[in-house]
Structures are given as structure tokens and as C-alpha cells.
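In order of appearance the chains are A, B, C and D, and numbering begins at 1 in each one.
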Amino acid sequence: MAKGSVLETVTAEEARRVIDAAAAKASEIGQPMDIAVVDAGGNLKAHLRMDGANIGSITIAINKAYTSIAFQSETGDLQEATRHDGPIFGLSDAHGGRLAVFPGGIPLVRDGSIMGAIGVSTGTIEQDQEVASAGAAAF
Amino acid sequence: MAKGSVLETVTAEEARRVIDAAAAKASEIGQPMDIAVVDAGGNLKAHLRMDGANIGSITIAINKAYTSIAFQSETGDLQEATRHDGPIFGLSDAHGGRLAVFPGGIPLVRDGSIMGAIGVSTGTIEQDQEVASAGAAAF
Amino acid sequence: MAKGSVLETVTAEEARRVIDAAAAKASEIGQPMDIAVVDAGGNLKAHLRMDGANIGSITIAINKAYTSIAFQSETGDLQEATRHDGPIFGLSDAHGGRLAVFPGGIPLVRDGSIMGAIGVSTGTIEQDQEVASAGAAAF
Amino acid sequence: MAKGSVLETVTAEEARRVIDAAAAKASEIGQPMDIAVVDAGGNLKAHLRMDGANIGSITIAINKAYTSIAFQSETGDLQEATRHDGPIFGLSDAHGGRLAVFPGGIPLVRDGSIMGAIGVSTGTIEQDQEVASAGAAAF
């Protein structure tokens, strides 16, 4: 039988540090957030729903992080191309309800490789992006 | 073993009262409706499909109520921001098919907390909203 | 428009304390774990996948916590009744793949009400249960 | 365009009467229940989660009612054949998590036709069956 353990990319300690930095920024701007970190495989590594954050944003935050891995980009970078008159309009429908194509998802990059991603949701897209950026900067 | 019972938010009696008030309004305007009430956790508490209401609206009514919990708002308040040129276009696709971003879902609020929500579907969005409002007013 | 915020049951601080206590026990016994905490409505509040824990156990841990809310019991208490010759054999199939009917999910109880639940997965069921118990004791 | 309205089988008034009779029996035996009624097409007509009933049993009750329509039988009649050594072992897995193969689902029959079904969940299977029977008797 093949022996081995799953390749770790973002560690639990790093995921916590990213979430804590994001939560600190969310507190600073007064907007509670759902914050998720996924690893290089797009699988959930850690999540925190701050008090007052949306229940509906649990999945949105996780899906923003997943989408950043899935398309190797910030989710905000998918926004124009997926609009009604864009070249890949319909993308958001095309993956079983797992994609988020608006700001708030940012890859966690090290040495040129995407090692994970953070997704943030509940605020405006500007707030989500700001908080996700603060998290990513702590990676 | 841990002993306890799940925290009740909307009671069965309250859910029935909300549905009955909504159904009375629906009858008054001559438009049969699917009517759902969920608790503070977004879980179904009661449902009624009036005679002549749409089968497809069973899920829409439940999802409108869920969406009101999920985003702490009326579903109608999500409509402009999720349109093709809106800042969160694509939101409705980003949560596994559970979100409804048009009128007919309204939170049930008590003492500043959202204790549940009503969702109404089958009519026009104006009718859905009117019937949901009548239900919410009876909470 | 109805104004209000979703009722909090388990706070973010409590969820973190529960996860940290569970993770400490997991480290003590040398078995990395997926650990999830959900609120009284069964919605995810916080999650941590320790380094070395299973990717497949992300969902199992979340579903164990959900199942504890869903049936107001430890998941291990469902095990005998759902076995092949049990009275509710088939329960685990009857809810769209969201139920876990083996040890590792424990309600978080306060003043007789289930305010949330912890779910733990990756180890043996004895380990999962031990780690979940350590988490629940910290609530 | 084809004109018409969906064929009504169980009316809203009948569904309410069935649920109320079931709820009265549930109260009598001191076991709160999730109670669902579906129409001849297996689509939800009405639901009530009594205070104290399980959140997890929302779906189980609905699926019991659906299963009774789906296989034109009481759900309890499917139990032996779907056990580990039965001829259709695996049935409960074979329909996307929508089937319940233990007691508590009973067809609502009129003039030899199945016009709908009731599904009851939260108690023991004996209790679920007793409460479902009381509901079906009121049809």
C-alpha cells in the first residue's frame, strides 16, 4: 500500500495567523466578517465566523477562497469577464454553486506558488477585499 | 452524555400565526402562495402550499426565508446589488442554489434580534412581498 | 424594513476556546484532527484542520457537529440504532449526506439548551470522541 | 400556450387537518414531532416542526412522506427488504439521499388512489408510526 501523508501547504498556524490578521482589520473597520482559509488544493484549512457576521457568508467566504485557488486569481479579477456582456458570462453557474466572482478572495502566495487562499464575506466588496488583503499580507 | 434541547426561537404557534396571516392576505388579493417560516438558524419551522400555488415555489419560499436569515435582510434588499451591473453580481450562484435575491423574504425581528424569517413565492414579486409583510406583521 | 441581527448562540471566542481545547488534546494524544464548531442552528462558527488531519474529515467534522444539533444528541448515541439490524437503519442515507452516525460529535450545552456542537474527525472513533469531549468541556 | 393549473390532490385544508391530528397524537404521547404532508406528486404541501422536535427530522419527515409516494407504500414496509441481507439492500443510497426506509411514512389513500402521504420523525419508530397513523386516519 502506498504510504504517505497529505502534502501540507498552508499550515494550521499560518491559517490562524492569516485569519487573526483579517479579523483584526475587520474589527478595526467595525464590520464583522466570515473568514476562510483554504490550502493549495482548495480544501478548507480554517474558518471563523465573527460575532455578527452573516450565516449566508459562511459558504460565500469558503467559496471565495476556493475560487481563488480554482482560477489562480483574486475573485475580483473574475468580475468583469463574468458580467452579462463578458466573455465568460455564466461561469458562476458552471461549477455547482461553488464559485464567487466578486471581490474578497485572494491567493496566499510564497516563492511564486499559490499555497492557499483567503476568502472574506459579509461586508461591502470593498470591505471584504480590504480585510482579505490584510489577511493575505500576514501570510 | 450532554443533555439539552435545541434552543427554540420561533415557536410552532408563532409560525402558524405568521403563515395564517400571510395566507389570509394571499386569499384577500386572490393569489395562492407557498409560505415558509424558518427559525433563527435558517431551519424550516412550518410551511404551507396553498391550493393553486406553484410546486416550484416550495423551494423558492423556503430559500427566501433562509436567505433573509443568511444575510440579515429582506431578500428584496439584495436585488439591486446582485443585478448584472451590481457589485455582487453572481451572489445568487455562489451558495449552492440556496439563495433567492428578489422580494418575498422578510426577517421576523424581536428585541433587535432576528428570530426567524418568512418566505413567500408564486405571485408577482410585489404580491410576494405584500403577503410576506402581512405575515411578518403578525409575528 | 425589518432591522435586526442574527441571534448569537456560541460566540467566536467560545468557539475558538472549544477548538483550542480540542486541539490541545489532539496534540497530547498525537493524532491531528479536523475540528468544527457549529451554532444552535447547525451553522458553522469555526473550523480548524490541524496539520496532518484528513481532507475528507473536513466535511465529516462539520457534519458530526451538525448531526449533534440535528438530533439533540451525541453522534455516538445514534450508532447502535442505525446499524444493519437497528430500528432506524438507513437514517444516515436519509438526509442528503449530511449525517454522521458514529462518535465524535457532542452538543455544547448551557442552562439546558443546546447552544452549539463540536465535531471531530480523522482519528479512531475513540480518539475523535476523546478530543470532542475535551473541546466540549471547555465550553 | 398550454393553459391549466397544477392538479390538486391533497388540499391545504386536508393537509392541515392531517397535521393537526398527528400533532394532537404527538402531544398526547408527549413526544414533539416533525410532521410533513406531500401531495400525489411527492411535493411538499405542508409541514410543522413542533417545539422540541429535531432539526434533523425536518428532512427525514419530508423524505418519509416522499418515500411513501415514491414506492406507493408505508416506509416501514421497505425496512426488511432494504436491510443488509435483503433483496434491495442499498436502496436507501440509490436516490440522492431522499429515501427513508424505516417506519413513519404512510400514504393518504382515497377511493383506492394514493392522494398524498404523511411523514413523521423525531420519536422512536413506534412513536413516529403511531403519530403518522393518527394523521393518516384524519384524511
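We take it that contacts are C-beta pairs under 8 Å (C-beta built on N, C-alpha and C of every residue); 3 or more make two chains touch, one makes a residue touch a chain.
Only a predicted model underlies this, so the values are computations on that prediction, with no experimental measurement involved.
S.K.: Which listed pair, B-C, C-D or B-D, reproduces A-C with over half its contact pairs identical?
M.R.: B-D
S.K.: How far is the middle of subunit B from the middle of subunit D, if each middle is the mean of its Cα atoms, in Å?
M.R.: 24
S.K.: Where the centres are mean C-alpha positions, what is the separation of subunit A from subunit B, in Å?
M.R.: One centre to the other, that is 28 Å.
S.K.: Where in subunit B do residues touch at least two different other chains?
M.R.: Residues 5-6, 41-43, 69, 72 of subunit B touch two or more partner chains.
S.K.: If each protein chain is taken as a node and each touching pair as an edge, is the resulting graph a line, ring, star, complete or other?
M.R.: other
S.K.: Would you tell me which residues of subunit A are touching subunit C in their complex?
M.R.: 5-6, 8, 11-12, 15-16, 41, 43-52, 54-55, 58
S.K.: Within the complex, which stretch of subunit C touches subunit D?
M.R.: Per the touch definition, subunit C meets subunit D at residues 41-42, 67, 69-72, 84-85, 87-91, 93-99.
S.K.: Would you tell me which residues of subunit B are touching subunit C in their complex?
M.R.: 1-7, 9, 39-43, 69, 72-74, 77, 106-110, 112-115, 136
S.K.: For subunit D, which residues are in contact with subunit C within the complex?
M.R.: Those residues of subunit D that touch subunit C are 54-57, 59-60, 63-64, 79, 82-84, 92-93, 96-102, 124-125.
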